[in-house]
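Shared chain: chain A. Partners: chain B in the first complex, chain C in the second.
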Partner chain A sequence: MSFLHYWRAMSGIVGRELWRFVTQRERFISALVRPLVWLFVFAAGFRAALGLAISPPYETYILYEVYITPGLCGMIQLFNGMQSSLSMVYDREMGSMRTLLVCPLPRWFLLLSKLLAGTAVSVLQVYVFLAIARAYDINIPLMGYGYVLPALLLSGLMLGALGLLLSSFIKQLENFAGVMNFVIFPMFFMSTALYPLWKIKESSALLYNLAQYNPFSQAVELTRFALYGQFNLHACIYTLIAFIVFMTAAIIGYNPSKGMMMKKKGGE
Partner chain B sequence: MSEPSALAIEGLSFSYGNHKALDDINFNIQAGECTILLGPNGAGKSTLFSLITHLYDTRQGRIELCGFDIKQQSRLALAKLGVVFQQTTLDMDLTVDQNLRYHTALHGMSRKLATERIQQELERLNMFDRRFEKVRQLNGGHKRRVEIARALLHKPSLLLLDEPTVGLDVPSRKNIVDYVHRLAAEENIAVLWASHLMDEIYPNDHLIVLHKGIIKANDTVDEVLQQTDVATVNEAFSRLTQGQPI
Partner chain C sequence: MKNKLLAYLVPTRCVGIQSDRAAVGCATRRVDTAFPRGAWEREILLLLGLALLTTTVQAETVFVSLEKDNALAIVDPIDGKLIKTVPIGQRPRGIALSSDNKFLFVATSDDNTIRMLDAETLKELAKLPSGKDPETFALSPNGEKLYVSNEDDSMVTVIDVASKKAVHEIKVGVEPEGITVSPDNQWLISASETTNMVHWIDTKTNTIVENTLVDPRPRAVNFTADSQQLWVTSEMAGTVMVLDAKTKQPVKTIKLEVEGVTFDKIQPVGVVIDKERKHAYIALGPANRVAVINAQTYAIEKVLLVGQRVWNLAFSPDQKRLYTTNGTSNDISIIDLDTQTVTKSVGVGTYPWGVAVKP
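Right, the complex of A and B next:
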């Protein structure tokens, strides 16, 4: 099994996902509408209600729209990560996951490639969102668009791995809706995406702790700092560890001898 | 040294909890041989296919593809395998060519080799002119042909087909049955075909009857008819499975 084989397979998996994404116009648009509604409607409405003190990485007072922009980048990646895993549950129900799993490559590599494919799509979505946000006067330093790329890759991988892990547990699509409610919404609202930690602390110590240990918060902070050319080491290590933990568990979940696949009895 | 069997299964058993889905399965398939696996619903066919394709792990017994153990040397074994699943597993929004190229990428083929193989396999199935059409636009029979072409792109030694003609009209079905039988004879490919349709069985085929996880017959069609002392495969099947409908 040569390096070239691995490279071709990974390019094939990532290329297919990107192609599917750009040709499915509805998916492209709906992926953008969600964060844009939050930016244009929610943030505009809350602008007056929320006063934000100066806190890193910001060096001056900022509008609420500016504050939640990294959070909305995270939201795109969170939804995308869950959606890719949703498509994996669908693929497995429809059988197309099998065509992937019977190809002669290690399963961890196939899952990683699938994860990279989903992450590539989410990064593309985030950049389109940031371009629209710029037109709306959310001005991020130009270098920030470059610095944020590795941060988006890492946070996309972490959230995708979480989705992958969930997909290894879920037997049918119907069960997925519940998990979406129990994972996406708590993760998003109990994070620093919409409000800074100190603001959360003012209202609830418990919520503060939950938000602090929520890996999604760390992914958002990593993105937030990177957008302003700063490196948040703590957020980076936390996100990286969360990625490794989720990915390892997902690989075990998809392992034919140890994981959940054994418990999912195929139709006779 | 003699060539190893395309598929060799030895002492294979598998359970879901307390329910035994397969019990001491033993059979071999040689190159050029077309083996039909007959069994009613719940016989264990899907479990057997999941084990051969390494979707499930073999816990008791042994499965070898061309001499490679599916558990210990899974990648080498899977490289020898082509599979057509029961459900269509093509991406409907991609063209025939894109679907096939995805498969060649997974098998690490170069672009040039992929182009050659795709042309070769599609031409054999009279689908080459339709390679740039979206799969969604094809009828059921043509989708199946594309899936068979896909399963053959990497030149497997063993072709596994899980009830590939379900839902097809009679001419499309006949076309596929003829084609696969020709493949086995002319290309020396071993075929394992799970079916429940008696007219898909040719007189020269090897027949395995699976019932409640146990092999009830494993021989040529003629031998099975002789052993059961009946005139048709239908009757033989009925006798072996105590009248259970297929």
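Right, the complex of A and C next:
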């Protein structure tokens, strides 16, 4: 199998996903509207909520909307990861998944390509969001927009891998509501996206621990630090490990002889 | 090795270093998290450090009086670090440097004196007879005279710096607070908090020439560099009045408003105007913000979030930075004036009150 063959397969998958994203204007707009509503409406109400605290990477007092911005970048990627998993289920129901999986390339490679495709879309969405946030006077140091790229790639891969893993569990499209209730919401609310750890600690030690070990928190912190030109090694390692775990589980999950596919036969 | 690995895998706990109850009833907290740094990051920091060393950064020292710690905090504002704190006397508040930057004056209110220190060694050179409970004072531009507001006695004491003696007492309105001397040394201004008046005192004769009624509870007064305008903040009205030095009448009253902040929290105190009279900066007290005013159009251009109960302000010598004392969050904020953003807040000690900057 030549390198070119791999390349063609990957660019085909990534290209299809990007093309799908660009042509689906509603999806593009809805992906942007969600974090923007949070920024303009939700954050505006809590404007001064964090005005009295300093926590790294910030060096001075910040408004709540400044705090929430990296969290909303994470939100975009979280929803995008789930959206990709949703489209996997759709692809399976429509049969295009079968076409993809009979491709004479290793399964892990195909899944990774699928994952990269989703991540590329999410990074694109985040940058558009950050540009709008800048117009709204959320000033991130210019260098931060560059530093954040690798952080976004890693966190996008991690959240995408989680989506892949979930899609291997879901039998039908209708079950996606469960993902919303049991994965997206708990992950988003029990994280540092909306409130810093010390604030969570004030209310509940249990929540504090949950938020601390939530891989989504670590992805958000990685992004937050990167936006301010700082490297958070701990968050980086944590996100990387979470990615490897989710990805491995997803590859196993998609293996017809071992994984979830066996159990799902009835559903398909 | 095992421990090291664990340190990476187990999230670092946040440690609350200090907490304080604020005037507005909210808990203040500074949280520091020690995240381990990578080797490549250290290298980059080192390179950055070298780059900084090669460019000429003007070093300056920021002195902050700490009302509750009875001490003076010395801060390196370029590094954004507290260098040290030195005991100074009971309840230090007003603080000023002589124009040649050789002497530092600090009003230690509960000791009923103004201490004169060597600005280099911080050795005490003299105790000036300020009268009872000195809080604010002003130095004449030539450094010869020091004028002290005596709140309880409703007067201003004039001290001759060379002989270190009180040479004159001027009766003013009730509760004098804000005090300043015009850069051309013509006018001494004293603002009476209860009388709601600004007194124009001729520095040659030490007599009041004129009084101007201003908005309730005037706090701070400051001249523009050309001595043509006097800016007066009124704590209760939430306004700043711009007076013309010739007519001694207001040319403009600016109502200070901040979106999302209730009126009662907007209590303007410190005011400074840059040399070119482009911008004026006003500390808004418990609103925890500094207002940036266009000094030509008198429009509020920007509002910057700083620490709690921001009280007094001082420029860096090159006027590229502004320092604020944040009374109840126990820190000072550093504002970059080119970008008009707050770059850092540095913890200094309990109740920072006044600030002076030495080049």
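What we mean here is this: the second predicted complex is superposed on the first by the 260 of 268 C-alpha atoms of A that agree within 3 Å, B and C clash if a C-alpha of one lies under 4 Å from a C-alpha of the other, contacts with A are read in each partner's own complex, and residues count from 1 in each chain.
Here is the rule we go by: a residue touches a chain if its C-beta (ideal position, glycine included) is under 8 Å from a C-beta of that chain, and two chains touch if they have at least 3 such contacts.
Please read these numbers as outputs of a predicted model, since none were measured by experiment.
When the two complexes are overlaid on their common chain A, residue A:60 makes contact with chain C while staying clear of chain B. Once the two complexes are overlaid on the shared chain, A:197 sits against chain C while remaining clear of chain B. In the superposition on chain A, contact of A:19 is made with chain B only, not with chain C.
When both complexes are overlaid on chain A, the residue A:139 reaches chain C alone and has no touch with chain B.
Of the two partner chains placed by the overlay, only chain C lies in contact with A:232; chain B stays clear of it.
By the touch criterion given at the top, residues 1-2, 4-6, 8-9, 11-13, 15-16, 19-20, 23-24, 94-96, 98-106, 255-257, 261-262, 265-268 of chain A touch chain B in their complex.
Listing the residues of chain C that touch chain A in their complex gives 8-9, 11-12, 14, 16, 22, 26-33, 35-38, 40-41, 80, 260-261, 288, 305-308, 329, 333-334, 341-345.
Interface of chain A with chain C (complex): residues 47-48, 51-56, 59-63, 139, 196-198, 201, 212-213, 218, 225, 231-235, 237-238, 241. The residues of chain B lying in touch with chain A in their complex are 16, 21, 41-47, 50, 53-57, 59, 74-79, 81, 83, 85-91, 93-94, 98, 101-110.
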